[in-house]
C-alpha cells in the first residue's frame, strides 16, 4: 500500500526532528526535510481516506502572531485540530511582554499544558528569529528547572529570515509538479522581485525559497532591482548549498533574464533592504511615526520599478512558454486588487487554482512539523493510525 | 423508544439536505424542514440522556460575523462542539476581503480542513445573502478544481433576507407549544412591528417568520406602520405559500388588528425599508458618515410610532387573553433596557422564561443543519449513536 | 500506588463541592479545601504519567474576563482542555450586559451547552463578587425553569474580595515546600504590601492569602503602610480562623517586623483602600475620567512608600536567612520591569524559578474545581481513569 511504503521509507531516514524547534530550513538535514515532506504526504492521504490522525488527547497549540495573519493562522489551527491539539491564541497586547526578562516569564506562563508554540514575527530584521530563540531558551530554562512538565516545540510561522512552512509547502508543490524531489535537479527557478503598491513586505519568502531550493540542485535565479538585496548570510547559504547540490545560484537584475527558459517562476514583492534595516533601529526606540514615514519611503522606492510586473510576455520567455507561476498569496493582481501590482490579471487567472493548491499543503506541512517534534517514532505512530481502522475522522 | 421512532420517521422522509447550503427556508422542501426539526429534537434527547452525539473526530467550523453577535455566536459554537467540530472565527478586519476576487481566494484559504462555515451578514439589503452565495460559488470552484478535499457547507446565521436558524427555532417552539406541526393549521400568528429606540434592526426576523409560518397553514398577520414594508419577494413567497398550505396571509396597519384573537404574537422592531435600501447604496461607496446619519434618521422615523408597544392591554386582545409572546431577543423592554421600547416590562416578565426556552432550541437547530449537511444517512448515524451506549457526554 | 492512596483519602472526605460555585475559599469547609488540593495533585500525576483525564466528551467552558488577563486565561484554558471542555470566551464589549435584567438574560444565553463559567471581575470593590452571585442566581433561575438542561458551575477567577485559584495554588506550593498541610501549623508567613509604580492593583491576593492561610494554624503577619487596609470583613474572617486553627493573625506597619523570622514571605503591591472605594462609586456613573485621575492619585500615594521594597537585607531577616519568596506574578522587579518596584532584582532572580513553579499549580487547581463541580463521585471517576490504561494523553 502506498502509505505503508512511505512509512517504511521514513524508518530508513536518519532524522533529528524530535523535540527540536523548527526555525530555519537550512539548520535541518536533508533527512529532516525529507521526513517533513513525507509525513505531510501521509497525513494528507490519511485525511483523504477518512482515517483519523488524532494523536493528542489533550494539549494546547499556542499561536503568537506579532504581525497580522489569516492564512497562516488558519493553517496552524487546521494542523493542530487534525492532530487533536486545541488552539489558544496569545494576544500580546493584553500582556506584559517587552522587556527581556518578561519574555522569559511569559514563555513559561503560557506553556504549562502546551505542546507546540507557533510564532509569526516577521516585521523587523534582527528581531523576529531572535525572539523565537529567546523564547526557546526560556522554555529550556523552565523545563530543566521543573517548571514545565514538557518542553513545547517552537515552529517558525514566518520571521525576518525564513518562512519555512511556506517554502516547504512550495517544495511539496514542486515535488508533485515535477514528479519527485530528484526531478528538481537542474530545473531553473526564477525567484524574482515584483512591484507592489500595498505595503512593505518582509524578505522571508524569497530568502526561504533560495535557502531551500538551492539544496535540490536547482538552477536558482534571484532577480531584483538595485537596493532590494536579501540578507548576506542567506545569500552565502544559497551559494554554499547550490555548490553542494551541484545546482547553481545567480543574482541578476532583470526579470527577463531570470524568466528566460525558467522551469518555474516565483515573482513576488519585498521591501528595500535599507528600509527594513532602518525600521529595525527605529522600533527599538518605539518610534512608530518615523516607521510610518519609512514605510511610505519604501513604497515610493517600489514605485520606481513598476515595470517589474509578471506579464504574459514575460511568461512566454519561460520553458515551452509554460512554466508554472508560484506565489505565497495574496498577490497584488493588476486590475483586481490594485491598479498595478505584482502580476497581470491574465497571468494570475491562468494559475490561480494552482496557487491555491500550493497553499493547500501548508496545514499538512505544519501538522508534520508538530508530529515530528512531539513523537520520537513517527513511523510507528503512523502505522498504528493506519491499522486502527475504526479511527475515522467522520463517524 | 421515542428517539428510535423519530429516527424511523426520518428514514421515510425524502429530504435533500446532504451537501446543500442552508440559505433560505423557502428554498427547502417540507421534508427538509421536517428533517431539520426532527434531528434537532433527537440531538436534544441524546444530550439530555448523556449520550454523545460526537460524529467528527476533527474538522473546523468557521464562523464569519460581519455584524456583532453574541447569542448566535454561542449557538453556533455550542452546536459545533456538540458534534465534535472546533470553532475557528474568521476576523475579517485582519484579512484582505473586499474585492470580488479576493472573496474567492479567502473562501478557499480558510476551508482546507473546514466542514461548515456559518455566516452572519445582515446589515445591508442586497448584500448579505449575495455574499453567502458568492462564498459558496468560490467553494464549489475550489472543490471541483482539487483545491479542497471536501466542500464545506454554508449556514446562514442571519442575512438581509432570512434568519433561518431563528425561524426554525421558533417553529420548534411552536410545535412544542401547540403539540405538533399539524396543530399549527389555522392558528393565528401576529408578526408585528414594535417601536425601538436602540438601533435600526434588520428585516430578516419578520421576513423569516412570514416566510416559514405561512407553510404550515397558519393565519399569518403582518402588522406595521407605513414605511416599514418587508421585501416584496418575501411577501410574494408568503402569499404563495399560505395559499398552498390553506392558511392565510394578511398585511395590516395596526397592532390591535393583528393581536385580535391571535394564538401567538411576535412583536419586534425593524428599520424602515427606504432607510435600509439607502444604506446599501452608501456602503458600496464606503460612505460611513452618511450611513450614520441615515441610522439617526431611521430612529427618528421609529419615534413617530412609540405607541407600537406590546402592552398588557394588547395582550388581552389575544385568544383567551393568553397567547404566547415570542421574541428573538434581546428585546427593548420599557423601563428595563430603555425608557420606552418594544414591550412593556410586565408583559416581558410574564413570558421571559418562555423566550429563553425559545432561544434554547437554536444550538440544536444549527447542530441538525451541520449534521444533515455532512452525513448522507443521518438515520443510520443516529442509530449508531443510540446503540453505542458507552459514548457518554460526561464520563 | 501513590495515586490510588490519595483517591482513598478523598473517599473519606465529607466534601460538598458537587454543583456548588467556588466564589470564596472561606465559604468552603476544610474537607472541601483538602479535596480541591488532593484532586489537583492527582490530575498532575495523571498528566505526568501520560494518562488522559478527559472526562467530558463535549461541553463549553466559558470565560468572562472583565479585566485584562493572560496568565489566568491560559490556566483556565489549560484546565478546560485537560478535562475535555472547549473554551469559549465571552467578549462583553460585543454584548448588551450592563443593566441588571440583561445580565440575567446573558447568563442563560451563553449557558445552553456550558459546564463551567470562569469569571474575572476584580476592578471594583462591591461589584466583582456581587456580579458572580447575580450571574449564579440567573443560572439557578434558568435551570429551575427548564431553560438550561444543566446548571453550569461558576469559578471565581479573581474578584474584589478573593482570588481562590491563586491562594489555593499558593497553598499547594506551601504544602510541597513544607511537606504537608499539617506542617504549616506555627509557620510564620509575611503577607506584606510592597511599592509598585505600574498600576493600582486589586486587594484580592493579600485578602485571599490571609483568608486561607489563617486556617492552617500559620502565624500570619499582614504588613502595610497606613491607608492600605484590607476589607474589614476579610480581616474579621482571618481573625476568627486563626483562633480556630490555633494560629495567629497580626497586622503590622513595617516589612521588617513581618519578615523577622518569617518562614515564608509574600511581598506584593495593592491599591489604597480609599482609592478603591472611591473608584467603585465613580464606575456606577461611568465617570471614567475621574477614575483615571484617581488611578494617578493612587500611584502618587504608593510613591510615598518606595522603601517598601523586598531587598536582600530584608530577606536576611527571615528564618535562617532563607525563607521562600512568593508572588502571584508578574512582579514589579526593580531594574528589570521598572526603575524601582516591589522586589530587588537579586532577590527575584534567586526565587524566580520557584515563583514559576508556584504558578504552575494553577491549571491543576482550576481543573480540580471543574471536576469537583461536575462529578458527584470524583473518587470513582479518578479510579476509572487510572484503570483505563489505554487512555493516554499522547498516543
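Think of it as A, B and C in the order they're written, each chain with its own count starting at 1.
Here is the rule we use: contacts are C-beta pairs under 8 Å (C-beta built on N, C-alpha and C of every residue); 3 or more make two chains touch, one makes a residue touch a chain.
Keep in mind the model is a prediction, meaning the values are calculated, not measured.
Visitor: Looking at subunit B with subunit C, do both copies bring the same residues to the contact (over half shared) or different ones?
Guide: Different; most numbers are used by only one of subunit B and subunit C.
Visitor: How many degrees of rotation bring the Cα atoms of subunit A onto the matching Cα atoms of subunit C, given to the nearest 5?
Guide: A turn of 120 degrees brings the C-alpha atoms of subunit A onto subunit C.
Visitor: Which whole number of Å gives the spacing of the CA centres of subunit B and subunit C?
Guide: Taking the mean C-alpha position of each chain, the two centres sit 41 Å apart.
Visitor: Could you tell me which residues belong to subunit B and also touch two or more other chains?
Guide: Answer for subunit B, listing residues that touch two or more other chains: 54, 86.
Visitor: Quick one: in the complex, what on subunit A touches subunit B?
Guide: 47-48, 52-54, 68-71, 74-75, 77-78, 81-82, 84, 86-87, 329-330, 333, 336-337, 352-353, 356-357, 359-360, 362-363, 391-395
Visitor: Could you list, by residue number, the parts of subunit B that touch subunit A in their complex?
Guide: Residues in contact with subunit A: 54-60, 86, 88, 90-91, 94-96, 99-102, 105-106, 108-110, 112-114, 141-142, 145-149, 374-375, 381, 384.
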